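In what follows, chain A forms one complex with chain B and a second complex with chain C.
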Partner chain A sequence: MTRLYGAVRVLLILWVVVTVVFVTLRLTPGDPAELLLGPTAGRQDNAERLAEIRAAYGLDKSIPVQYGIFLGNLATGDLGVSNRSQRPVIEMIGTAAPVTIWLIVLSVTAAVPASILLGTLAAERRGSGRDATIRTVATVFIAIPSFWLGLLLLNWFASGLRWFPSRGFEPLLADPLAFAAHMTLPVLTLAIFLIGSFTRFVYTETADTLERDYITVGRAMGLSRRSILFRFSAKNSLTPLIIVVGVEIGTLIGGAVIVEEVFGLPGLGRLLLAGVMSRDYPVVQGTVLIITLAVILINILSEWLYRLITPQARA
Partner chain B sequence: MTALLQIDDLSVSFRVGGAELHAVIDVSLAVRAGERVGVIGESGSGKSVMARSILRLDDPRRTRYGAGSAISLDGQQVLTLPDAGLRRLRGQTASMIFQNPMHSLNPAFTIGNQLDAVLRAHRPDSRAERHRRILAMLTDVDLPGPEDLVNRYPHELSGGQRQRVMVAQAVLCEPALVIADEPTSALDVTAQDSVLEVLGRLNRDRGIAVLMITHDMGVVARFCEKVNVMYGGRLVESGSVDRIFAAPEHPYTVGLLDATPNPAAPLKDLVAVQGTQATRRGTVSSACAFIDRCPLATEVCGTAPPLRRLPDGHHVACHHAGPDSPGRA
Partner chain C sequence: MAGADRLGAPAGAGRLKALLPRRPGSILLCLLGLLALAAAVAPSWLTPYHPTQIDARSLLQPPSWKHWLGTDELGSDVLARILYGTRLEVAIAMGSVALAALVAVPAGLLAGYRGGRADYALTIVADAILSFPIVLFAVMVVASLGASLGTLIGVLGIVFVPRIFRLVRGQTQVLTEQGFVRSARSMGAGTGDILLRHILPNILGPIMVIVPQLMAVAILIEAGLSFIGLGVQPPQISWGSLMLVSKNYYVSAIWYPLSVGAVTTIASAALVFAGDMAGNAINPDRRTS
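The block that comes next holds the complex of A and B.
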């Protein structure tokens, strides 16, 4: 019963999101057919060509009819074809998604251990210089705008020192070294924001846990500092981090759009942005749908994981 | 014979909001191997701070031990021991049981996991050996079904069960001393009984000394051989339990006994000790700490009385106590 309710809720969210995207796209100025024809679109002799394009993509029909066709296709799993490249949208997403997934997975993988270390070390000595330094750095990391940091890193390490390529992507299996070189700066940009945000969370949770009686008991029984901080206390203060990572995934995809643009990574963010620029309706609608679905699934997964690990929540 | 635990002139103070809070002042006491010694006093008497100092549990950044303070535990100087040595001492030479069993166990780990962490911290035993030892210890503290219990989480246990788990944990590495800081205060009467009984048995069968911190004269009467009475951060009386109950010397001890319910006596005999303890922030008054609440206070009490040894070996810090007391002249 609850499972059915959950599925209905997910479908409802997806429907609301695609509808909002569908409507806002059509409310935004800019005609996809004209944009497709380019600067000559306004000329008299191109009127026929414009009408042809509109007919080809169903843009000549009324908006409610277009909406009906769109939902009907969605129901059969058809995301449509790009107005620009003529390629099926699902295929374009399939090509772009791995780039974004790598970017996010690597950033989170780098940020989580670093944040646990920093947050715990700060919480261990509340009010000390170490605490103040770590928390200041965390706040700065959150405050730095990603696009600016990205440009800065590009400027230093790609243009200046030439340690890394400035643009593009290489699949891991094709050339692991090139993959690493292309991913380093984007991952660093995204991870720095995440480290700031996660460190503050770990700090608050750990500082609270370390005040608990059972921590004193652990010390009185001769547990080492390391096992108290990173095992005994950690299991209590870090399980909620799973939820936070889940919640941050949405923000992270937003960050990925910016980072992909700065570093020229052909991921979902760039696909979405290019789609918006050229009013490529099917691409924008399809990408947003897939991203929404991913965010929902990741949140369900993180809650499930949290429940699996926390004994009280399981009962 | 040297004592297992020897506390000499212990003074402990904390920095609280710019002022120095004197929690413990010049306390000396000893616990010999296998002894059951009580420390009694009201909240704020300094008894818990004294107890925590034995394992140096208070945050070193805000805790100051007075010059001349010394704690010797099994021949080791606790207050000057490096952290690594201190860690070996904790749980292995002396361990501690705390007041609130509801908060003493880590909610994120099973009982077996927590006990195992303690064993691993101190012993090179194999996994199977540790498991056997944990099961045996849980049985020894009267917890039924240990095979099932090790897989349970603290929230699945009652307060009495949790406190017995704490006792099992405390004696897991066969320490010579268990410091029990009000182990029964948060428990109902039946659970209190079972915890005291288990502690008493471990003391008899394994010769583990127990330092019982309590505010309950009943616990002292039932459990201890010797008792130390603390008031205002100081030791005011110490001696055998029989002697104290038969002929208390310090007016505070007399007050404590009058304030202990006795089912055989009429209720009107139950009298509270009037007044409250003076604060110990800033400089400590040179007068006797009990002066404001004492029915016997006279001019001599303007200077704090030292702990004196009476002819029968009993100790008391009061000008008016004892057969040849200066205050009684």
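The block that comes next holds the complex of A and C.
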């Protein structure tokens, strides 16, 4: 029963989202057919061509009818065809998604161990200079505008020192070294924000944990500092961190959009921005739908994982 | 005499005194806040330069006694441009959060207290907005309605609503079950009375924790939108638009992008710290600073 309830809820949320996207796009000034034809669209002899394009993309129908067709296609899993490139939207998303997924997965993978180390070290000596330094750095990390940081890294390490290529992407399987070189700076940019956010979280968790009785007992039994901090305490903060990663996934995708733009990575963010600028309705609708679906599913998945590893939360 | 003085002081003054910042961190934050407000209200008091004053003889000058943060590509004083840009940042940060609170606080109180269908519907709308990455939502709406101060405040206001709503709803649910609320109800207090006099005062604390943090997000999103060309348009100056222009001078005039970025970072970090301090103040046994 609760599962059905959950599924209805997800569907309702998706419906609200796609409807908002549909309405917002139709409110956007700029006729997609005219944008497609380019600067000659206003000429008299092009009126017929415009009508043809509108008919081909269903833009000649009234907005409620367009909405009905759009929902009907969605129900059958059809995201439509791009107004610009004529390619199926699902295919374009399929090409772009791996870039964004790599960016997010690598950033999270880099940020989690660093944050556990920093957060634990700060919480171990609360009120010390080390604590204050780590927490100030963490707060500054979340406060840095990510595109500004990206440009700074780009100019120092790519344009200046030439350690890394400045823009673009290379698939992992095609050329692993080039893949690593292209991903280093974008991942670093995103990871710095994450380290700030996760460290603050691990700190609060660990500060609580270290005051628990079993830690005191462990100390009295003569367990080493390292095993208390990292075998017992850090393990405790790792679990709720899964929830935080799940909750932050929306923020992460937002960050990825900006980072992709700075480093010219052909991911979902760039696909979406290009779609918005050229009024490519199917691309924007499809990308937003897929991203939202991913956010919802990851949220559910992280909650499920959390329940799986913490028996107390199963109730 | 001093003792008599203290005794004679009205209770109100003692309460106000308790609000005065004591620790160095909070004093610094208060000073920064006052500086930001002063720059927003009267930037001309803080700098002798005009932000659009063009000086062809001093383009992209490094920092000096005359121009503390150097000059930009048109010879204008960078510090003056940052100070004049503060007004827009303050307007965006305060406007969006105020707008969100205006909607989210009553909705959260109602949903948390009443439950039922209204709660279900409001929660679904809130979850829908939450599952929409802020940046994506802002890009779509700003692209369709055009970049202006009003649109920015509106968009950020909308995305902040569910964040405040969930907090208020959760707190209200907990408080509704507590003794003092039950007893007020049993003594015949009306819904409005309970919500406004018994529940609202108790959730102001948590709201004061989230408000500065959302303001920091507002400043960062404004910067991000400006970067992808969806920020306020000239001649309006915002920190985001300054960052966009300064991105061409990372090599030739590094202090220019550095100072604009540093100011933005300091402002949003200060807001996050302010939220942390508010959190410590309402939660003394879980102090984190």
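In this text, the second predicted complex is superposed on the first by the 314 of 315 C-alpha atoms of A that agree within 3 Å, B and C clash if a C-alpha of one lies under 4 Å from a C-alpha of the other, contacts with A are read in each partner's own complex, and residues count from 1 in each chain.
We adopt the following convention: a contact is a pair of C-beta atoms (placed from the backbone, for glycine too) under 8 Å apart; a residue touches a chain by one contact, two chains touch by 3 or more.
Remember, predicted model here, so these are calculated numbers, not experimental data.
For the composite obtained by superposing both complexes on chain A, the positions of chain B and chain C are free of clash and fit together.
Seen from the CA centre of chain A, chain B and chain C lie at an angle of 70° in the overlaid model, rounded to the nearest 10.
By the touch criterion defined above, A:Q285 reaches neither chain B nor chain C.
With both structures placed on the common chain, the touch criterion links A:N83 to neither chain B nor chain C.
By the touch criterion defined above, A:V17 reaches chain C but does not reach chain B.
In the superposed model, A:I144 makes contact with chain C only, not with chain B. By the touch criterion defined above, A:G218 lies against chain B but remains apart from chain C after alignment on the C-alpha atoms of chain A. By the touch criterion stated above, A:T189 is placed in contact with neither chain B nor chain C. When the two structures are aligned on the shared chain, A:S197 is found in touch with neither chain B nor chain C. Set side by side, chain B and chain C differ in how many residues of chain A they touch, and the one touching more is C. Of all Cα pairs spanning chain B and chain C in the superposition, the closest are 15 Å apart. Residues of chain A that lie in the contact sets of both chain B and chain C are absent, per the superposition on chain A. Residues of chain A touching chain C in their complex: 9, 12-13, 16-17, 20-21, 24-25, 27-29, 132, 135, 139-140, 142-149, 151-152, 155, 159-160, 203-204, 207-208, 250-251, 253-255, 257-258, 261-262, 272-273, 276-277, 284, 288, 291-292, 295-296, 299. Every residue of chain C that touches chain A in the complex is listed here, in rising order: 124-125, 127-128, 130-136, 139-141, 143-146, 216, 220, 223-224, 227-228, 240, 243, 247, 250-251, 257-258, 260-261, 264-269, 271-273, 276, 286, 288-289.
Listing the residues of chain B that touch chain A in their complex gives 55, 57, 61, 83, 87-92, 95-96, 98, 100, 103-110, 117-118, 121-122, 153, 155-156, 166, 169-170, 173. Of all the residues in chain A, the ones that touch chain B in their complex are 125, 128, 212-214, 216-225, 227, 231-232, 235-236, 239, 310-312, 315.
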